[in-house]
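Each of the next two complexes has chain A plus one other chain: chain B in the first, chain C in the second.
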Partner chain A sequence: MSRASSSAAGSAAAAPGSDRLWDSPLGRRLLGLGIWSLVVALWEWLTQSGNAPDYLVAPSAIVVTLARLAADGELWTHMAASLFRVAIGLSVGAVAGTLIGLLAGVNRAVELYFDPIISLTYPVPKIAILPILMAWFGIGDLSKIVIIITAVFYPTFINSYYGAKGVALSHLRAALNMGASPWRVFWRVVFPASLPQILTGLRIALALSFIVLFAAEMIGARSGLGYLIIVAENNLRFDIMYASLLTIGIIGLAADRGLLALRQRLLAGRPDAGSRR
Partner chain B sequence: MNARQLAEGFVRAGAVLSLLVPWEIVSRAGLIPQLLAPGLADIGAAFWAALLNGDLVYHASFSLWRALAGFGMAVAVGIPLGAAMARARLFEAVFEPVFSFSYPVPKIALYPIFIFIFGLGSGSKVALVFLECLYPITVNAYFGIRGVEPAYLRAALNMGARPLRLFWRVVVPAAAPDIFAGIRIALPVAFIVVILAEMIGESVGLGYYISYQSVSFDNASSMAGIAAVAIIGFCLDRLLIAIRARLVFWEHLDRVDR
Partner chain C sequence: MAQLEITGLRQEFGRAGRTVVAIGGFDLAVEEGEFVALVGPSGCGKTTLLHLVAGFETPTAGTVVLDGAPIRRPGPDRGMLFQDFALFPWRSVIGNVTWGLEVRGLPRAERERIAERYLDLVGLAAFRDAYPSELSGGMKQRVALARVLAFEPRILLMDEPFGSLDAQTRELMQDELTEIWQRAPLGRKTVLFVTHDIDEAIYLADRVILFTARPGRLKRIVAIDLPRPRAATVRKSPEYTAYRNLIWDLLREEVLMSRAPSA
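Our next item is the complex of A and B:
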């Protein structure tokens, strides 16, 4: 009975008198690490022994290939191409989405204009227009940047819109009462108050931009990590496939953790600063 | 309907028209070649033709089947897994780090490998959808169940509830809004992933249809395919909202997002 309630209470300290490894936070860490190291070791052994199918490449071989790709510069070229597209697409889309979302949250006319368009097109998978964009803008950087902007606009718009809508009326009235100009109220009251929501939207947008980018690069491109995977697939180079996959994973994880760290800094002292969801 | 609602209705219609009318003008005036940007009438005609000859229904049925199969599997696996992670420390120790580290990784990059494992047909798509949907469903179920108010649990235990009854009558209803939030994230993801995967490599499905028509320089048909994707996406969203209204009717905090 006490077990049920203590586990429900979340990451509470280990119950007194517990003797199982996974009852303490450190033990849980070790156990997780141990089990997954075992899985990797098993994977390595299986591929070394020659019993594994072709598409399973030994972890050591993946690391070797990754080091080789990094050494001859191929990896960096593709990585730079991918990161360039994400950087432009994400910053343009997120700034536009956030600004227009905030404006729609405070201004009735902007809200009335964008609400029907957003609510009509929000549930539509934006990626569907990718082939058309490629017909329009070619398979270079531009079609990828445009699809990222489109995809990123929605989560940033919606989150900053609800963020601005949720600003306490008393804060607005207080600021206006003290003679703040609408511009000042927007930047000094509405924006900071909506920041948690804006950052939530940004995190969704970040993940989405990578998904859309790598998919677009797989569908049609001449460079980028998604393209590298497809080339490797066509040449049956499974080691390169896994190496680029690993790179994509590291980039995705690093970007997400970076944003979470930024969130903690920007929202320092606020209750939802450390929220990981 | 009063005058104010009527006026807002006009504004709403005007907003949508403000996007469609310039499109039609640009297309008619030939500012962009009609081949690239067909007019609305052409798109409508292409949609109607593809609907009548069964193309759209045929491809849409493949896409929907794959999306729902992967999504259904993710629900069937993800909710029990999330519950196990929330209620059993051992499961938490093993699976929490995996979900935490691989959540932000774009799983679409695994698709080429899935093709080799599950084949070029539906198998690899369903597997990819399953994987992409598993994350939001499991993680939301995990946080939802972990966050159940301990007082509820103690009260139920005090009144002599057995573990199974505790789970179904207290834990599940208390966590249902969170579990449903995961499902609501996952269903559109399922559809998006299917369309993407079909664009990368397939010979049936709406994603394939859109991309095939586009490279065949039939952008009107391609946009008809996009319209079909849009309609399905919109209907799935409405369906989810309707289900949520019935299933987790006690949660009405975020009714604002219609």
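Our next item is the complex of A and C:
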């Protein structure tokens, strides 16, 4: 309210219509879009004029390659392989991490059991265990899925653990006072009370699962977008490398936006929802 | 036999390697339909006593017996109001009030019917779909009261329920609680009301239970013989002032004693 009136007062003092557009949300968005369009245009011009090295492929050429990869089905095959691994690994790892994290937050025995294991293994870069996982589970989907499970377990465990630890004592007491069983308290108080932090953990897990998956696919796989990048590199096909990277970026953006939309839906009306970002 | 019988109650806590005695031997009998205020210097164990009755803690020694059965765990026969309201922020107003009815396994339509009746009683029927974050402190405590009344406890436990409200809202809430408590549908439920506010205790209660400084023991029971139904005007009567002075002097002794260097 006060912001709107003060900005109205500000524009009244300045020349009418001068600094209005780029001060509005739409204007700021257009400005951002304009700057990036300029960069892409410059990039395009640089490559078309023949002044650019081979490894800088024109944006138009990347789009053409992407369209060709999509048309002959190669893109979809690799995308499906990557998405399948992420979907399984992320859901199994996130559900396990969240559940065990919540339990550790409310139960001292679970907490004491997991705390030293987590402290010991958390700092280990998960990609470093890929050779071992490949020795155990082969070069196929399973090693990728297991490494994603391992990677996403930590952020989901840690966030839900602190979420459960932070549940207000009076909320627990109010629930017990109404005759709730421990199980009901867990699902109807601890879980919803921790939901903002669970979703924060899930968002970190989503990003991590992509990072770990594409790294794993680049090291040892026979399909997937990470594998596509390595094959392209071996054949000096820079256009395919850029096209794969663009695809990865778009998938990541879509998944993250989807998760944010889910967060807004689940946390509607809650003052403890925290920032949306 | 009284509805609530507290006998030889003692509660100790281990804190930093030494034992703190919160309640050092306490006896009290509360009759059905009585409004009892628990008053004492801070740290005297009045909230601990309420938690023991609620079943949130287990006493070191002694018993709490409600309607002939010893209390061992929390349960909906005792409805608790908290100073911080303890409403669930992820649920709407009606969702908070129906929570306890879900525990009892009532069908949805019946839950909502009961909840709406009690929301109406506390004057918040229009806010059924609002979220707690959208309500003022006084409104939140009224929702919490509706939530507790909805599962029909035999006694009400109130832990400084108006302690976090501003002075004006607090007086309004006291009037409203008196009103609701005196009204028929509730049938004057037994209330244990913890407060540090002497005026609140006198205005609301039939008896004021004064605690000694820690370890908390029974210092004095002051029966408040003011006519009911009470209204705000009673605060201006000479009898009220006399009670106020009496309790204030008794409480002052204890506060001074708790501050004196221990021998």
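Operating definition for what follows: the second predicted complex is superposed on the first by the 245 of 277 C-alpha atoms of A that agree within 3 Å, B and C clash if a C-alpha of one lies under 4 Å from a C-alpha of the other, contacts with A are read in each partner's own complex, and residues count from 1 in each chain.
Following the convention adopted for this analysis, a residue touches a chain if its C-beta (ideal position, glycine included) is under 8 Å from a C-beta of that chain, and two chains touch if they have at least 3 such contacts.
Keep in mind that what you see is a predicted model, and the values were worked out from it rather than measured.
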First, second, both or neither for A:Ala193, with chain B first and chain C second: second
Touching partner for A:Asn177 - first (chain B), second (chain C), both, neither: second
Partner chain in contact with A:Ile240 - chain B first, chain C second, else both or neither: neither
Partner chain(s) touched by A:Ile127 [first = chain B, second = chain C, both, neither]: first
Partner touching more residues of chain A, whether chain B or chain C: B
Which superposed partner A:Gly252 touches (first chain B, second chain C, both, neither): first
First, second, both or neither for A:Ala168, with chain B first and chain C second: second
Complex interface listing, chain B residues touching chain A: 8, 11-13, 15-16, 18-19, 36-37, 86-90, 92-94, 96-98, 100-106, 108-113, 115-117, 139, 143, 146-148, 150, 153-154, 157, 163, 166, 188, 191-192, 195-196, 199-200, 206-207, 210-211, 213-215, 217, 219, 222-223, 225-226, 229-230, 233-234, 236-238, 256-258
Chain A partner contacts - residues on chain C that touch it in the complex: 54-56, 73-76, 78-80, 82, 84-86, 88-92, 99-100, 102-104, 131, 133-134, 147, 151
Chain A residues within the chain B interface of the complex: 1, 4-5, 7-10, 20, 22-23, 27-29, 31-33, 35-36, 53-55, 112-117, 119-125, 127-132, 134-136, 158, 162, 165, 206-207, 210-211, 214-215, 218-219, 225-226, 229-230, 232-233, 238, 241-242, 244-245, 248-249, 252-253, 255-257, 276-277
Footprint of chain C on chain A - complex, ascending: 168, 170-171, 173-180, 184, 188-189, 192-193, 195, 267, 269-272
